[in-house]
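Below, each structure is written out as structure tokens.
Common to both upcoming complexes is chain A, partnered first by chain B, then by chain C.
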Partner chain A sequence: MSRIPFKKEAPRAQPGDASLSFRQRLRLFYNRHRDGAIGYSLLAPMFAFFAVFSLFPVLFVIYLSFTEWNGVLGLPKWVGLDNFERFFTTGDYLLTLLRAGFYGLLILVGCMSVGFFIALLLNQKVKGVGLYRTLWYLPVVVSFAVVAQIANAVLDPVTGLVHNVMERFGMETIIFQQSVFWMTFWLILITIWKGIGGTVIIYLAGLQGIDTSLYEAAKVDGATRFNILLYITLPSLRPITMYIAIMGIIASFQIFEPVQLLTRGGPQGHTNIILHRIYQDAFQSFNMGMASASSVMVLLFTFTLTMIQYRISQRNQT
Partner chain B sequence: MKGSKWFSAILSIFLVSTLVLAACSDNSNGSGNKENSTASNGNAASTDTSDTAAATNTGDDGSNDATAAPAAEPFELTVWSHNVANAMPEANDPTAAKIYDYIQTKMEEKFPGITIKYIDKGWADTLRQAIMVAVMGGNPPDVADGEDFIPEFARIGALLEVPQDVAAQLAPGPMKAAMHDGKPYAVAQMTGVFSLVYNKDVMAKVGLDPNTPPKTWDEWLDMSKKATENGKGEYYGTIVQNMGLGGTFRLAPFMRQVGGDFTTADWSAVTFDSPENVRALTFLRELAKTAPPGSTSMTDEGQFFNLLNSGKVAFAVNGPWHIAWGKQMGCTNCGFAPLPVPEPGHTGNVIVGNTLFYALKQSKHPEAALEFLKILASKEYQEMEANATGRLPANMEAGKNPQLLQTYPELQVFNEIVANEESAPLPVYPKNGPQIWEAWYKAQDITLTTDKPIEDALKEAQKTAEEQLK
Partner chain C sequence: MVNERSKLETFAIYLLLIIGSAVMFYPFLFQVLASIGSNKDYYATILLPIPTEFNLDRYVNLIHNSLIYRYLINTALRSLYFIVVTCLVSLIASYVFTKLRFKGRDSVFVVFLTSMMIPAQVTIIPTYLLFARFPFLGGNNWQGLGGHGMIDTWGALLLGSGIVNVAAIFLVKQTMESIPFEYEEAARIDGAGVFRTIFTIYFPMVRAVLVVIIITTFISIWNDYLWPLVAINNPNIQVINTGVTSLLTTMMQSGQVPEYPDFFALTAIVVVPPILVYLLLQRNFIQGYAMAGIKG
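Right, the complex of A and B next:
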């Protein structure tokens, strides 16, 4: 096996040197860019994974949003901006998008405020705190399908637990399924209950990361508990709060299971939200173009909101 | 150090290659079989080596040619249905076992060693979505069933055409829901129409004659009001189903009785807001007021009809499957009668419980799939199935079986309905069917659960439907 001479006194060979064989040129190239080659080789699997499972689907959805396609037969047919025009002018697309935002906001506020309060309680050094923490986190790991089955059994208009209890106490029964207010209420309440464990865990981690010397100093200075909360705990948790808020905004447009399993968009479509609408377009109407256009709109909406939120938080920090 | 860098580089390249190759490969077990890979054309489901003969006749559009030669070696046929017999194979029901054995024997005559795997994927929307997702993923079952979406699937090219001689054995009414462009794409197994189901025990308890069911709308409404009034919160008149397509099926006969419908006769235009429909829905709204409060918002169909079976309400509208199922659920003293009419002679009904079996175009074993359909369409199979379930067979010869009426005398009412009332399936819209139905469900829900004007609800639904059809 011939080797390229690397004697100090010899002139440096160039990859473009015509006298060198391909193999020699490759070897020269590799020697010159060794770190880069190894680095990119190590990153390549992640890039490949990202390209196949994230980048390609996103680009494909963007492409599909300008087409009409049933997902099975033939090739997508280019229709330009028709789907986007339809998004703004027909049906309940815009309404379901805004409703998702409204639900998301309520859920986010509920999760953050209650979650923070529970995290404060769970941060106390009391007996059996591990058990309490587990109990609060338990709903997160329960499948929503199970939760929905229980909720449907509890809220059934004729045989449900709530109905029977109200009847037993001589109260006028409520048919929740016929009330927009009540179905919205249950939908949000159950979603908060299901997701609050995650917020609690994050806040708890944040609380445990606060330097205890700050609290000790504040106590020495005579600060009350409320002042400690207001001037030490809350400011220290600001990055975590921002993280939860940004993730919550993104998640608010991804609410799907509660609607699909609890209300199915009812009564009369008044609890339908954008992701459920996308699902209906894609897997019930086979209208991939419209579903993709709605997905792109959700992406743009979420991206814009997140950017605004991020900018505001950056400004507040400076 | 140098060696470890080399090792890392080689490992990375190996990983990348593996990922790329894995991403580019199909699910074929016989990936080394070049002929199979080529035939799948990147669209149809890949085939295993045991079924090469059938798979190599794949068309340019990725579809398998139904005329392919039978497989030389044993293979598995996948059927997504819980309707092939009266129970799934794993239930070990002796009657069902006989039906499965019959199918197995018949299939083995042409495909020795074949195994048939039955999978329950639900019904209605759940099944429809499962099939659609499987079709989009290129890996659907060989055979499946359904009721209201066959023309829609045929239109997108997902189904194999059924030979005319097989389809010809089946009644034209049920087969109307299996047609697309004048060609059959499914075979009707069991079928049905709606009747009035009445609980005689409840009728007696609320002071009604249990042997005289209502014949007209007025009689029915009066009897229902009386039942609710005399029931004093324990017994009620009529439950009116609202939930989705199930509710739509049960409202349609009354719309048709007064000359209304969802569409024009050729299914090309929607007619939601016709005065006839308003009249029918107004009657049904009144009837729904005699039901247990909240029952129109129940989402579980089984629980809903158990209000009748368990002796809480006097009347409901349901199909022939209620004969056997109702008895199982406690409705041992229930009667069946033709639906009450607005005026004598104004009849109308809907073909329902119309179980249609079809073969998927991407089937790995298209010939076996079509043979399966042929067996399901046969007189012998349908007689066995009808005797096991008490349902109406779609095979015209099987329907004449005297043993069936001896076992299920209640079926006579349904035979009379079929003979005397004009019945048709629910329409299939030219496009955006699910969204048009959704608009209708909204109007239906407003009718049965609120006091808002029915005309306005129907106009809104009409407007949405017209937008969807543009």
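Right, the complex of A and C next:
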């Protein structure tokens, strides 16, 4: 019995078959359920890791959001909905969440408009598409933390490159770090620069996926290029645009490095956003309960947006 | 698409593309050029510090710096470890999910998939507490109190949700689904065991998608910042990205910012490896990204 049989040819032990020994019955049973036995024994260790490091934290963060705990001494103390009440009523919690969404929108507008335009250009039978695409994608693969530190040095009010250049050209220098507007501006500009490559690639893939016969038919009918863009290209890309939009808003709740390193949430907490707020609560004030409650709020937002995205993509398929 | 294109238009398209690409590429070019020239070259120019002499002294000095060297070794080991684990796990898991037929298989996969909706940043607090309060490790008692758990140990760098990378499993599964079931039948008839089937039959067929996984895993581990920031304090086991970033923060706060060329060399050490990997293997990478981005 060296080769492993398939389920369809493996016989089942008949109830009346008294001549079969226990071992033989076991063998027959295994032959019938061989796939399941191997499958579950291979998946079990993976599922164990998955349960401990992926599932457990989600349940744990929900539990922690109802407690007060410094994470070091003693055990979590149940406080009910106190943390959530604080989230909505005191401090800047709600504001940081909304601000993240607002930044997300600004970043999206930048990424989508420029990204779409560049994808359109790249789709115009140009030479060296690969090279441009590669260059546009470069910022995506580098460390955001280091990019933020470079921006930090470049925008320094005394030794920064931008400062030096402005001085050399006789412009009035600005201390960016004291201005909410400028810090927001740089934060958003850098995030757009960092993320736009992904948008370009998704849009380009979408453009290349449009059925060319649609364009031909439109041309035969004498449509102008603007009309083609408006009535064929844009509607065809609607699902992709929705996808980019929702993923972009979700991603904005995860912006961390530029806020932590470049603006430090300042000036006066006016550029603080939710993930950095969570970090401050957890690792500077050691208020794990409050940090968890904020995390749960982000989780709820993300979950809702993902569901909306899923619904839309299902509807587009049918 | 539209074939008739005036010369002016062609010119405008190329001009826009070249300017745009320059904006994306400029900071890296500036950084690398500034770090290989002399200080004099750097301060003589504004827009692009073109080096008159070529020297890699700054990089050599950085490698000789025991701390930076440690960071690099740690990051390399961690990347290698996660690349091996991710490839193995995604190969085996996608074999189970596509070639074995048993009850409950698809439900397990759906559970895996659902976890993709949860951003890692949201679970950073519970994950930190799980590592810090892990019972019986790092001086902890059964309640997980008293010690530091796995924080500040290699455990914190080598364990975590990255072990079961659902996106990678998903990607390999997509590819394996397209392989006809006859291969599996042939393997079984010839008496090949499970692992032999996976590694001699399927592994060569999904090699292309594994390359994508290797690149994405490398880049994400190399650029991992938040987790090492909260989980590692000991400089001996810190990774390059968080290590260099924290080093720079300390310098900036104490007002001891290095000369710009040195500063750019230090940051280039973190930025350049992912760029090189990406440039060398970008064809696979972009295909994989577009695939995962749209379907996932």
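As a working rule, the second predicted complex is superposed on the first by the 247 of 318 C-alpha atoms of A that agree within 3 Å, B and C clash if a C-alpha of one lies under 4 Å from a C-alpha of the other, contacts with A are read in each partner's own complex, and residues count from 1 in each chain.
We take it that a contact is a pair of C-beta atoms (placed from the backbone, for glycine too) under 8 Å apart; a residue touches a chain by one contact, two chains touch by 3 or more.
Just so it is clear, the model here is predicted, and its values are computed rather than measured.
Asks: Specify the partner with more touching residues on chain A, choosing between chain B and chain C.
Replies: So, of the two partners, C touches more residues of chain A.
Asks: Could you say whether A:Trp136 touches chain B, chain C, both of them, or neither, answering first, second, both or neither?
Replies: Only chain C; A:Trp136 stays clear of chain B.
Asks: Once the shared chain is lined up, is A:Leu187 touching chain B (first), chain C (second), both, or neither of them?
Replies: Touch partners of A:Leu187: none, neither chain B nor chain C.
Asks: Contact-wise, after the overlay, does A:Pro267 reach chain B, chain C, both or neither (first, second, both, neither)?
Replies: In the superposed model, A:Pro267 contacts chain B only, not chain C.
Asks: According to the stated criteria, A:Phe60 is in contact with first (chain B), second (chain C), both, or neither; which is it?
Replies: second
Asks: Should A:Ile150 be classified as contacting the first partner (chain B), the second (chain C), both, or neither?
Replies: Once the two structures are laid over each other on A, A:Ile150 reaches chain C alone.
Asks: Would you check which partner chain A:Phe303 touches, where first means chain B only, second means chain C only, and both and neither mean what they say?
Replies: second
Asks: Just checking: does A:Gly71 make contact with chain B only, chain C only, both, or neither of them? Give me first, second, both or neither.
Replies: Both chain B and chain C are touched by A:Gly71.
Asks: Under the stated touch criterion, which partner chain does A:Ser295 make contact with: chain B (first), chain C (second), both, or neither?
Replies: Touch status of A:Ser295: second partner only.
Asks: Report for A:Phe283: first if it touches chain B alone, second if chain C alone, otherwise both or neither.
Replies: After superposition on chain A, A:Phe283 lies in contact with both partners, chain B and chain C.
Asks: Please report the chain A residues shared by its interface with chain B and its interface with chain C.
Replies: Overlap of chain B and chain C footprints on chain A: residues 38, 42, 49, 52, 71-74, 152, 156, 159, 283.
Asks: Which of the residues in chain B come into contact with chain A in the complex?
Replies: Counting only chain B, the residues touching chain A are 5, 8-9, 12-13, 15-16, 19-20, 23, 125, 128-129, 132-133, 135-136, 156-158, 292-295, 297-300, 303, 307, 432-435, 438, 442, 445-446, 449-450, 464, 467.
Asks: How about chain A: which of its residues touch chain C in the complex?
Replies: 2-7, 33, 35-36, 38-40, 42-43, 46-47, 49-50, 52-58, 60-61, 64, 71-75, 118, 121-126, 130-139, 141-150, 152-153, 156, 159, 161, 165, 168, 193, 196-198, 201-202, 205-206, 212, 215, 219, 225, 228, 240, 243, 250, 253-254, 256-257, 261, 275, 278-279, 282-283, 288, 291-292, 295, 298-299, 302-303, 306
Asks: Note which residues of chain C are touching chain A in the complex, please.
Replies: The contact residues of chain C facing chain A are 1-2, 5, 13-14, 16-17, 20-21, 23-25, 27-28, 31, 46, 89, 92-93, 95-96, 100-105, 108, 112, 115, 117-119, 121-130, 132-133, 143, 145, 159-161, 163-164, 185, 188-191, 194, 219, 222-223, 225-226, 230, 241-242, 244-245, 248-249, 252, 257, 260, 263-264, 267, 270-271, 274-275, 277-279, 282-283, 286, 289-290, 293-294.
Asks: Could you list, by residue number, the parts of chain A that touch chain B in their complex?
Replies: 34, 37-38, 41-42, 44-45, 48-49, 52, 70-74, 90-91, 152, 156-159, 163, 173, 175, 177-178, 264, 266-269, 280-281, 283-287
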